[in-house]
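You will see two complexes here that share chain A, one where it goes with chain B and one where it goes with chain C.
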Partner chain A sequence: MRKVKDKPLIYLFMALLALFFLAPFTWLILSSVDPKADIRFRIPSSITLNHYAKVLTGRTFTWIVNSSIISLASATLATLLSVLASYSLTRYKFKGREALVDFFVILRLMPVMVVVLPIMIIFARIGILDTLFSVILLETALELPFSVMIGSSYFETIPTDFEEAAMIDGCNRFLAFLRVTLPLSLPGLVTIWLLAFVTAWGDFLVPLFLLRTPDKFPVSVGIYMVFGEHGTVNYGLLSALSIIYSIPVLVVFLLMRKYLTKGIAGLAIR
Partner chain B sequence: MRVSFRRIRTALAKEEFRRAVFVVAFLTPFLVTLIVIYGLPSLLCFLMSLTDMGLNFQFNWLTPPWYNYIKIIQCEDPYIPEVFYTTLLYVGATLLINSPFALVLGIFTTYNIRRENLSAVLRLLWFLPRMTPVVIYGLLWQWFADPYVGPLAKIGQIFGLRDVYWLLDKPYSQILMIVVNGYVGASWGMIIFSSSVKCIPLELFYAAKVDGASDWAVIKNIILPLLKWPMLFVTAWQTLSLLGSYVQILVIWDGHALTSGTEVWSLYSYDMAFRSYEFGYSAALAMVIVVVALGLIALYFKIFGFRRMLEPSRVEV
Partner chain C sequence: MKLRSSYLGIILLLPALAVMLAFVVFPTIWGVVMSMTNASLVGIGAAHPRFIGLNNYISLLRDSRFYHSLSVTVIFTVFSALIGQVALGLALALLMRRKDIKGKSVIATAVFISWVIPEVVAGYMWGSYASREGLLNLIIKALRLDRLGIEPTNWLFYKPLETITIANVWRGTAFSMILFSAALESIPNFLYEASSLDGASSWDRFRYITLPLLAPAILTDLILITIWTFSVFTMPFIMTGGGPGTRSELWTIYIYRQALLPPYEIGYAAAAATLMFLFTLVLIVAYITVLKRGWG
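Right, the complex of A and B next:
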């Protein structure tokens, strides 16, 4: 397929467009090491790492810790729940299974406002509003439909022969799942976990809705709130925080690049 | 050894029972979470839409209960026509941009560019906005569209556009709203189309080349017809996603969406709740999106066979 002659014009067009959209990221990187960073695009006359040092202390560091807690906990919970659900959905054909799968697709498309408004009231009544736990709970639930779709696609690729062999050898159904299927599905589990982690890490709306105390904010809400705080914007600090905040997401996507182009689109469709 | 029919039947029934217990045990935590987080709140949202709930969070029922819906339908709220028009413009124009653009990107980066590494880098570059956390993406657009020092101002000056507040002045603000969301959508669609092109057997391309077909002929006669289902899927999914999305607009136009003509329906619902504290009315606005989305999903199921679009063998050769 890719034996067709390369077209220099296409390269040029694509490169120019990519460059055009890369400019903002270049500004971000330059501002983060510029002692006199402001909104203008400029090459810094000297380089400083002070902004990064500042980000890793005080309130901004608390935000990074909060983001980590929320993302780690919700990704782990979502993976656990979705593995159990997707395994039973793929291995056992039961009445209403198709309808359940369709229901996940519909859930994925529900406007978040429909869920969040009443959830706020419920959480306020049971006293967990403005806690990291509330954000973890909601993030987990919002990640579930997509995680189950990925999990189901993955389990479908694993033949049942190994499980059946283990059961013939004396394992019960649960042990066969635990000792045979689960280790075989490890790459799929890692994918679910990483995608759930990235979703929670980058999410902005859920913590914005559920958190009030600045010390409990994750980075996403922190950046939004600090932007323009006290009438001025510290672009150096903001850029450094933005870069540190973007690193986990970039790392995850780079790790998954191959999978993203080859398989994830197919999984995402389902 | 004599095995009675009854014993076999009992053993099978036991196995069936164990299987059912297993399915229930594995599915229950997931289903409970979904019911608590999606089912119950959706019902509550509907009930809230029948009240004039404010900051006190009390269910004060309206008379008639569907008053909020009447307020929307009869445009008693003066902003409704503008919000409706903006939403139509946003969904329609963004779709017009991102689906075809995603298709072009997907085909070019997979078919036209020969070197796998280079095409992967280009795809990755285009995927940057999707990888970037939404607040950073918003911040970068604010910088890009700054009326004094932003690159857009510099480009505008070349075309004689001076003193333009790109994020506030219509129609520029609306164009930006479409581009901001179209760019993110295009990168997602590109990945779908790109992997779909990769599913096409190479033999088809070789045969076409042997027959002397040009690149354009290959794209027009082989790739595009085979991408029918992915195209339908991307368009359907994007329409539904766009209906409920507003986060980029919220971050970039924070508080200025109504004056700049970028207040879409779901953002208006958000603003009614968190700026005007009219939770009941906000719930009614959100329910309208749910009804429209469900209607579209039903339409997709009926006309296109939505499930067929979601099947693994999307590229039918």
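Right, the complex of A and C next:
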């Protein structure tokens, strides 16, 4: 291949990219350790970890607990339900199976805004509006289509031979599933659970519509509420909270980066 | 054990299906019903909503604010997704293929992290970044961008739509980058080698090999990010709340404000949401069709 002398240009382009993508993070990190943090950009004259310590007390800690409850519960529910559904989709043949898969794609791509407004009214009628329970239910329902899609693609990679062998040895179908298929699909289950967890953990729209009491807010709605309290905002605390809040998501996504890349690649090459 | 027809299969499906039907499908249909009533959060419409037929839709079609939110959404989608994310994603994917360039992984990781951190956090940090005394203005001064006509300003107040559009490019480019990287991987190398022997320039190679073979991936990407960008709510909402006034009021923010701010017209907001549902449904069906038929 003919060599083109474009390296300096490419490095200039990369410097601009680095600036564009990294610069917005700077203030978040600096203000979280700045005792006199402000909405303005400034280099801290001294460094403190007080904001981080304060995050783990008072209402910010309550929000972290709420986010944890919502995410743990909905991820677990979504995993349980999707394991059953994906096992069924990959091991049984029935009418409408194809249509069902399309149906999951539609649900997965449907804007949450379409669902959240009527469900607010429905939940108000049955008296569960403004409860963590209502948020858990809706988050679970919204995670399910994706969870089932991951689960199905995972079960498809596990040969049915093992189950058959176990059944010949006297296991019934349930035991064969429990002792053979389930342990083999453990990495798939962990994937489903983790992705469902971070989906609920980062969500803002559902709790914004379904919760009214600040004590029940997850971190996302809490940050929004405090950010809106003009004049009195403790930006140092809010930035430290934002960073602590982002850590679980970052850990999960950086761990699963390869997996996600493969999943997206599946969309490109068919 | 071969695939077989069984009631057990359906029973195993039922719990998941029931949850999705109850909390996603039923509410969507309920929303269509609500859109034909004068339901509201307070007052008479709250206790006893009345059926008013298509009146909400007729009012919507006469509501200049609704049209305004549509045009804001179209501008936001065309510039941030169709132009920004596709172009930048493609440039990044091509960059990642260059073996003689160092420091690529730093860029890729930064792009990836921008995409995965919680949306509220992204909106919060952009709220400072684009403010009058934020880092963005310091960069503009340092790089002397005023010579290009870019002056420091309170971006969220004076250029709200431009700012949320650029912020959304920052937020969403990772998806296109990853998708295009995968598609580029699948182009066999011998095509490039053969064209080099024939004396093709690097632009020729891009124009006559890369671009045509990338077309299916670009189409997939376009449909998906259009669906997603049309329903973006959180990050712009945190940054500008749709304001000042209605200047950055996306479709989703319009629906939120109609429903949850006075005069709390839920039925009216449901009509706007139903139109959004129908529009998205068309795109999703297009997506499924394209996936199944292949690329023709």
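Convention: the second predicted complex is superposed on the first by the 242 of 270 C-alpha atoms of A that agree within 3 Å, B and C clash if a C-alpha of one lies under 4 Å from a C-alpha of the other, contacts with A are read in each partner's own complex, and residues count from 1 in each chain.
Just so we're on the same page, contacts are C-beta pairs under 8 Å (C-beta built on N, C-alpha and C of every residue); 3 or more make two chains touch, one makes a residue touch a chain.
None of the values given here were measured: they were computed from a predicted structure.
**Q** Taking chain A as the common reference for superposition, should the pair chain B and chain C be classed as clashing or as fitting?
**A** Overlaying the two structures gives a clash between chain B and chain C.
**Q** With the two complexes superposed on chain A, say which partner A:T140 touches: chain B (first), chain C (second), both, or neither.
**A** both
**Q** With both complexes superposed on chain A, which partner does A:T26 reach: first (chain B), second (chain C), both or neither?
**A** A:T26: touches chain C, not chain B.
**Q** Taking the superposition on A as described, I'd like to know which of chain B and chain C A:E163 touches: first, second, both or neither.
**A** second
**Q** Is A:L12 in contact with chain B, with chain C, with both, or with neither (first, second, both, neither)?
**A** In the superposition, A:L12 contacts neither chain B nor chain C.
**Q** For chain A, which residues belong to both interfaces, chain B and chain C?
**A** 1-2, 4, 7, 10-11, 14, 18, 21-25, 27-28, 39-41, 81-82, 84-85, 87-89, 92, 94, 102, 105-107, 109-115, 117-119, 121-122, 137-138, 140-142, 144-145, 148, 173, 201-202, 204-205, 219-220, 223-224, 227, 238, 242, 245-246, 249-250, 253-254, 257, 260-261, 264-265, 268-270
**Q** Which bits of chain C are touching chain A when the two form their complex?
**A** So the residues of chain C touching chain A come out as 1-6, 8-10, 12-13, 15-17, 19-20, 22-28, 30-31, 34, 39, 91-92, 95, 98, 100-101, 103-104, 106-107, 110-114, 116-122, 124-129, 131, 133-136, 138-139, 170, 175, 178-183, 185-186, 192-193, 196, 202, 216-217, 220-221, 224, 227, 230-231, 233-234, 238, 252, 255-256, 259-260, 266, 269-270, 273-274, 276-277, 280-281, 284-285, 287-288, 291, 294.
**Q** State the interface residues of chain A toward chain C in the complex, per the touch definition above.
**A** Residues 1-2, 4, 7, 10-11, 13-14, 17-28, 31, 39-41, 81-82, 84-85, 87-89, 91-94, 100, 102, 105-107, 109-115, 117-119, 121-122, 137-138, 140-142, 144-145, 148, 160, 163-164, 167, 173, 198, 201-202, 204-205, 209, 219-220, 223-224, 227, 235, 238, 242, 245-246, 249-250, 253-254, 257, 260-261, 264-265, 267-270 of chain A touch chain C in their complex.
**Q** Can you tell me which positions in chain B touch chain A when the two form their complex?
**A** 18-20, 22-23, 26-27, 29-31, 33-34, 36-38, 40-42, 44-45, 48, 57, 108-116, 118-120, 122-129, 131-136, 139-141, 143-144, 146, 149-151, 183, 191-192, 194-198, 200, 202, 205-206, 209, 215, 218, 230, 233, 237, 240-241, 243-244, 247, 251, 266, 269-270, 273, 279, 282-283, 286-287, 289-290, 293-294, 297, 306-307, 309-312, 314
**Q** Which bits of chain A are touching chain B when the two form their complex?
**A** For chain A paired with chain B, touching residues are 1-7, 10-11, 14-15, 18, 21-25, 27-28, 39-41, 81-82, 84-85, 87-89, 92, 94, 98, 102, 105-107, 109-119, 121-122, 124, 137-138, 140-142, 144-145, 148, 153, 173-174, 201-202, 204-205, 219-221, 223-224, 227, 238, 242, 245-246, 249-250, 253-254, 257, 260-266, 268-270.
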